[in-house]
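Below, chain A partners chain B and then partners chain C, in two separate complexes.
Let's turn to the complex of A and B:
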């Protein structure tokens, strides 16, 4: 079945695939994960806030983002970010945003909606008495949130956050729709240049499988160690 | 901001080849393909998912390992890569005649999208179903045996009907996921809703109107599916169980 296949193409191109493609994918994954968790936590705190309008605004953002496809969100931000940038610096013309910056903003904003729901569940899993305890010790609301509630919520939710990050790692492949050279983009360029689609896409699938599966095994092992014993 | 809004664009003639179509027709045509793809994929996902999910709860250890392997394979490869595998790789691996036949089919993107999404989501249905079965008390299975049912009969008449009801709410959100993921099919050339909005933005240069319309249509579809699922949940609820709890309380 593999008789007329030419797996040499992988040997010829793997340096390019990993140093250009996978480097982009990993950099984008890690930065979007950090940004997404920060923004997601902020959204979660907003959703649980008692100030009027704030929870509704945050909930609307989260629900709308979660209801539309990632590909559509990628298109939205790809075209919207130059205009928002122009609006911020007061320029007449849409500013130029690089491919990496544009996709980083997109994935941070998109994943924040998903991380928000995870962090919200994490915050709600902490007994209410802890807030009262913090306030009784003379801490302000934000001190209680930052020093007492959030660290525990984060620790409880770490396995879920990491699982979501593996999904993010896979989702990053969708920057392909903007013709960006991530891992899939690099592979498809080589595949089209050399006419070796079959070999390249099988290779891409195997690499993704090994990485995601390896990471999810690690997460499963960590899960046992991070649970806070009460 | 320096952007010329033109909301009237939807009623203007689109250069896209559907005879005398306006842009709104083009988007609705995209919606039709999104719904057709998602619905067909849901049918496949349900069929495969129920099969795999049931096998996963069987007493046989090898069946369980096989299904777990299946789940890991489809879970750990990005959806986009799975689309490419089905679209570019599978026809090459088939015998030459059927491979060529597949590649030259005019509806190849649609069929590929349906099969790909069906397999991709079947693993989630499988996980839902097997955890649904596992969430039932052991007594239910025992009761089945005690009534003289064989193992297949116990599944058919006792376990599966309950497990389906347990899995209805997550199944509803899975339907929404299938609709969302069908947008990835634009990478293999299926002109579904997102692709139509993208094409509209390229033809008309009214980028934000096109994406706003697509977003609103997606939200509308979401709300509709959620409402339908809630109706279904109410209709099939067993009094005194899970979703039927509120009914049971009302009777008291």
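Let's turn to the complex of A and C:
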């Protein structure tokens, strides 16, 4: 059945696929994950704040982002960021952002909405007595949040945060709409050049499966470890 | 040192504290008791501003707790508090639990905080457990660490909110012993508890509460022997067998 297929194309191109394509994909995933968790945590704290208007503002952001398809956000941001940047710094010319920065900002802002909901659940899972204990020691609200609540929320939610990050890893492939050479982009370039679409896309799928499945096994092991010790 | 003046507090329509007044002098040990839902925990939570109140005034060392211009964090750092469920920080080792307040709130350097922390940990008999995490300790040990944590802040007074209610019976005494020592050293203490043995031994006064009111406020001799309201009488009969 595979008689007409030529899997040699993989052997010829794998170095390029990984050093150029996968390197970009991983770099974007890791940076967007770090930025997304940071921004998401900030949003979660805002959603739980008792200051007027702040929770509503954060909730609006999260709900809007989660109601729009990711591809559209990537597309719009790519075209809008140069103009928004120009507007912020007051320049007449659209600023030069580049595909990488543009997609990094997009993924950070998009994923932050999901990380926010995870961190919010995490913060709410910490017993209220922990807040009282921090305050009773004389800590301010923000000292209690930073030293007592967030570290515990983060630790409890680590498996879920990592699972969301595996989804992010797969979502990064959507940057193909910007003709960026991520792993999928690199593979489709080779596939079109050599006319080996099916072979290449099977290979891409297998690599994504192995990496995502492997990571989720790691997460599951880690999840077991945390439940045992706490 | 601590003075309640006509404190009233509502949760929605429900009045938890009804016109409570009392005065606790420096070095006094006051036991607060009463049936559950009588407002005793709420009363001591108002002392350090953890439970806001709508009417009345509380003064701690001359500072008004209800005054919006009072720096509540600073006031709280001078009042030790021990909780029913210990509330140690589970993500920190025992010694870190004891030093974090000293470092972040009082601005002590790590070495000083550690030295002082170890001293108090030794005092509650848990020096050997300094690097363990709270989850590995028994309830009684956790509560003793919590007491050491509060003491390491050099508090003016200590509040105990049912410190032995969540403990297994065989662990109650190890915690009470630490509290008795503390009382005998002259620490100002307000203790919400049903441990009448503790009250008999070290309390100077007993406050009995029911339905948000302070029904009795008298010396322990008066409370356990002579003058007693019908309500306090029936409460005591129920908890002392």
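The criterion applied here is as follows: the second predicted complex is superposed on the first by the 226 of 230 C-alpha atoms of A that agree within 3 Å, B and C clash if a C-alpha of one lies under 4 Å from a C-alpha of the other, contacts with A are read in each partner's own complex, and residues count from 1 in each chain.
Here, a residue touches a chain if its C-beta (ideal position, glycine included) is under 8 Å from a C-beta of that chain, and two chains touch if they have at least 3 such contacts.
Here the structure is a predicted model, which is why all the values come from computation and not from measurement.
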| item | value |
| --- | --- |
| Simultaneous placement of chain C and chain B on chain A, clash or fit | fit |
| Superposed model, chain A: greater residue contact from chain B or chain C | B |
| First, second, both or neither for A:212, with chain B first and chain C second | first |
| Partner chain(s) touched by A:7 [first = chain B, second = chain C, both, neither] | neither |
| Which of chain B and chain C A:129 touches, first, second, both or neither | second |
| Which of chain B and chain C A:155 touches, first, second, both or neither | second |
| Chain B versus chain C as contact partner of A:198, first or second or both or neither | first |
| Chain C versus chain B - closest C-alpha approach in the superposed model, Å | 24 |
| Residues of chain B that touch chain A when the two form their complex | 1-3, 72-73, 75-82, 84-85, 88-89, 92-93, 176, 179-184, 186-187, 194, 197-198, 201, 207-208, 211, 214-215, 218-219, 222 |
| For the chain A and chain C complex, residues of the former touching the latter | 127, 129-130, 132-140, 143, 147-148, 151-152, 155, 229-230 |
| Sites on chain C touched by chain A in the complex | 48, 50, 73-81, 83, 85, 87-91, 100-101, 104-106, 135, 149, 153 |
| Chain A residues within the chain B interface of the complex | 1, 64, 67-72, 75-76, 79-80, 83, 86-87, 92-94, 170-171, 173-174, 176-177, 184, 188, 197-198, 201-202, 204-205, 208-209, 212-213, 216 |
